[in-house]
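Scroll down for the structure; my scribbles are underneath it.
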Amino acid sequence: MAANRNRRLIMWLGMAALALVPPVSLALSQPYYVDLFTRILIFSIAALSLDLIISYGGMLSFGHAVYLGVGAYAVGIADAYGIDSGLFQLLVAAAATAAIATFIGLVSLRTSGVHFIMITLAFSQMIYFLSISVNKFGGEDGMTLNQRGQFGSLIPLDNANVLYYFVFAFLALFLWIQSHLVRSRFGMVIRGARTNPRRMAALGFPVFRYQLGAFVISGVMCGVAGALLAEQALFVSPAIMQWSRSGEIMVMVIMGGMGTLFGPILGAVAYLVLEDVLTGLTQYWGFFLGIILVAIILMGRQGIMSLVYGLRWKSSHG
Amino acid sequence: MLLLLVQAFNGLQFGVMLFLMAAGLTLVFGIMNVVNLAHGSLYMVGAYVCAETYVATHSFLLAIPAGLLAALATGVIIEIGIFRALYTRDHLDQVLATFGLTLMFNDLVRIIWGSDAIYATVPKFLAGQVVIIPGAPYPAYRLAIIVVGLAVAALLYLIIARTRYGMIIRAGASNRVMAGALGANIVVLYTVVFALGALLAGLAGLMAGPIFTVASGMGDSILILAFVVIVIGGIGSIRGAFIAALAVGFIDTMGRAYLRPLFGLFLPSTAADNAGPAVASMLIYIVMAAVLFFRPQGLFPPRMR
Amino acid sequence: MAEPLLIADQLTKRYGGLTALDGVSLAVEAGGLHAVIGPNGAGKTTLVAHFAGELIPNSGSIRFAGEDITELPAYARAARGLSRSFQVTSIFGDLSVADNVSLAIQAHAGHSFRFWRAAEEDEVLRAPALQILADLGLADRAQESAANLAHGEKRVLEVAMVLASRPRLLLLDEPMAGMDPGDAVRIVKLLAELKRRYTILLIEHDMDAVFGLADRISVLVYGQVIATGTAAEIKGNEEVRRAYLGDEEVA
């Protein structure tokens, strides 16, 4: 199908362009771009992970930033205890987000619709307040890390370009995994459950456990993004999982195009570049973003992916 | 013991504020089936306009109606301008659009009134303490909030239980088709319900001003607490919202006041210092999780649709 | 004497003061077509929901293939071969016709925690799916998006999905609902064929449609089974005539 071919082409071109960011910023002698785009790639992973559950799984989580926070704090806390192995830090982040996502999923997936949105939001707020109340790990002020995770002399993350390609590799890996996942048997089950969970049960699928599986996979992916965010910033604070952050990740997915694999990444690029430019011009960037967002929705939400090749990729619900 | 009573009053005061927020939200959810993240903005508008009007005029008699009117007007404007287009959309559209509204309002108040938080003052006639329980004076202002909140709750109950319009609202909350069959003009009904919710949010906001600070984003955290309340109470149920709001207000206040000393009884002091506030900050969410685990639809679920 | 495949024993379901099912008992013998008919509001939909596992009765029990399934969730019943269709067509409109049937096969092809290989390219699912579509005359529409099918074709796809889920008993909830006469004839012919291979419990409003098909008929009125018997016996039953045909005249 032509649309599929176009989509793949955009994905390859997009990833190629992202791979060129460090040499280009070197040529322009603008090292800042490497930092900005490292951040963008990290949020691309978060947006990609959210896309899995909201677009394919129909699970409208409004608390996804909590996994960023848990992943980041896992790294921060490991660092505070003198554990400097990067691999170990990432594993701790993945395990911690898996545990939290399992708990949140077990409770919130018993409901759907408005309930689900509010409950995921409430649980993310719970962890947010927890992070504020624990003074041992910086409380509201957050905590500064001693150093980046160590991966031996092979991958010195202190080098900005190395860090960039390190994050890029994770994004590429997750994109590759997700492109298989959504077409696999597992992917078919969660997609079917989005359209008609009752029908899926009648066919013999224990829908809940597959939804929970997707929810946890998505949470872990986002947790890895959170860990990378901590490694990059060398700083972790509750602000990372403020409720509005969950909204921002959702906006990235919608801006890029739901259920288009590469769309969320485009959305993250567009959103964060726009933010970077607008915050330089005005301190009221939220005001303009809010208006843009309302306008996009009222005009019938369509992502960038649909503009690129003139096809509507609107999710179908119900 | 006296302190415990004072804390109980604080819990009640927080509970009635939560109820004022949750009542509007739960009606809007129940009747229009809309997720409204911008409800906290109405609370904020009420707080700002009241505080600013007082600064300008030094008159609470002007400031209070100004705050209420501002929240009401904002509510009606966004209902007609934006929500009417959202009723038929899916929840994702509703979440995103109302999230956008929240971002917009949070910056709009900064554009109009500056980024600094405002410390609203308590009206003079409510500035002192009242002795209701011998030996435990209680701030008159907080007591006033409790009285106003309970009075509004009673009034709301009368409107919904006794009046014709209330009957239509009840019918609408449990069955939209039936509300139509009762001959209600749905478009007007929606605006009225939304405006009512806005008014209650504005009232909560302007009363909250002197207790918390008036600042951009002040409505966000109470909005999420109101979500917790209506999830526990059962979406669409005013009675559930009332009971859950008081329970959440009470549990939260008591947890913050007494968990640390309670943990101190059986934990070493430093552990209690860490665990007390941590558990206290999560307590109501844990209660929510527990309620949902046994009753996914909340304590007072709406009847079958 | 073998136990009937599906047995409902004294099923009762109340909603507050309303009794939707009032001591319903019926037995579906293996190999037959048993029809449940009844006027609107008789409790047919509630009864289907109890068999399918979406509702749990206040009292009474359901046995399927010798096992008590009264409180078993819907997916577990489907896994045991109790396979239902829906009154309102509920296919997956955003998937292709073949994908819809593949999904039904997948439900009975082991667990679905398989994350890598594209389901679309999985011959284990695809080949039998295409075979079933060929059997039902939908082969040429296999690659079409299911949303683009005509109404009658959607009903056939609905049946195809039921067949794909390896049923031991087909629970068909008003398969002719909302059909024009031409499509209805197509479904009646299909049912007559299926009847030779499967045990069928057919829930239907329209009594004329089932008289030619059913081995046994139960008549449900106001939550009670007022009669069970062969088509001839039901036709001759005075009580049925009063309860049911009276309703027809009004309607």
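Observations
For clarity, chains are labelled A, B and C in written order, and residue numbers in each chain start from 1.
Simple rule for what comes next: a contact is a pair of C-beta atoms (placed from the backbone, for glycine too) under 8 Å apart; a residue touches a chain by one contact, two chains touch by 3 or more.
Since the structure is predicted, the reported quantities are computational estimates derived from the model, not experimental observations.
When every chain is represented by the mean of its C-alpha atoms, the one lying closest to the mean of all protein C-alpha atoms is A.
When each chain is reduced to the average of its Cα atoms, C sits farthest from subunit B.
Centre-to-centre, using mean CA coordinates, subunit A is 43 Å away from subunit C.
Each chain gets a centre from the mean of its Cα atoms; for subunit A and subunit B, those two points are 31 Å apart. Distance between chain centres (mean CA atoms), subunit B to subunit C: 48 Å. Listed in rising order, the residues of subunit A touching subunit B in the complex are 54, 60, 62, 107-108, 110-111, 113-115, 117-119, 121-123, 125-126, 129-130, 132-136, 243-244, 247, 250-251, 254, 283-287, 289-294, 296-298, 301, 315, 317-318. Within the complex, the subunit C residues that touch subunit A are 52-54, 73-76, 78-79, 83-84, 86, 90-95, 99, 102-104, 106-108, 112-120, 122, 125, 161, 165. Within the complex, the subunit A residues that touch subunit C are 177, 180-181, 183-189, 191-192, 195-196, 198-207, 210, 213, 316. Of all residues in subunit B, those touching subunit A in their complex are 29, 33, 35, 37, 82, 85-86, 89-93, 95-97, 99-108, 110-111, 115, 220-221, 224, 227-228, 230-231, 235, 274, 277-278, 280-282, 285-286, 288-289, 292-293, 296-297.
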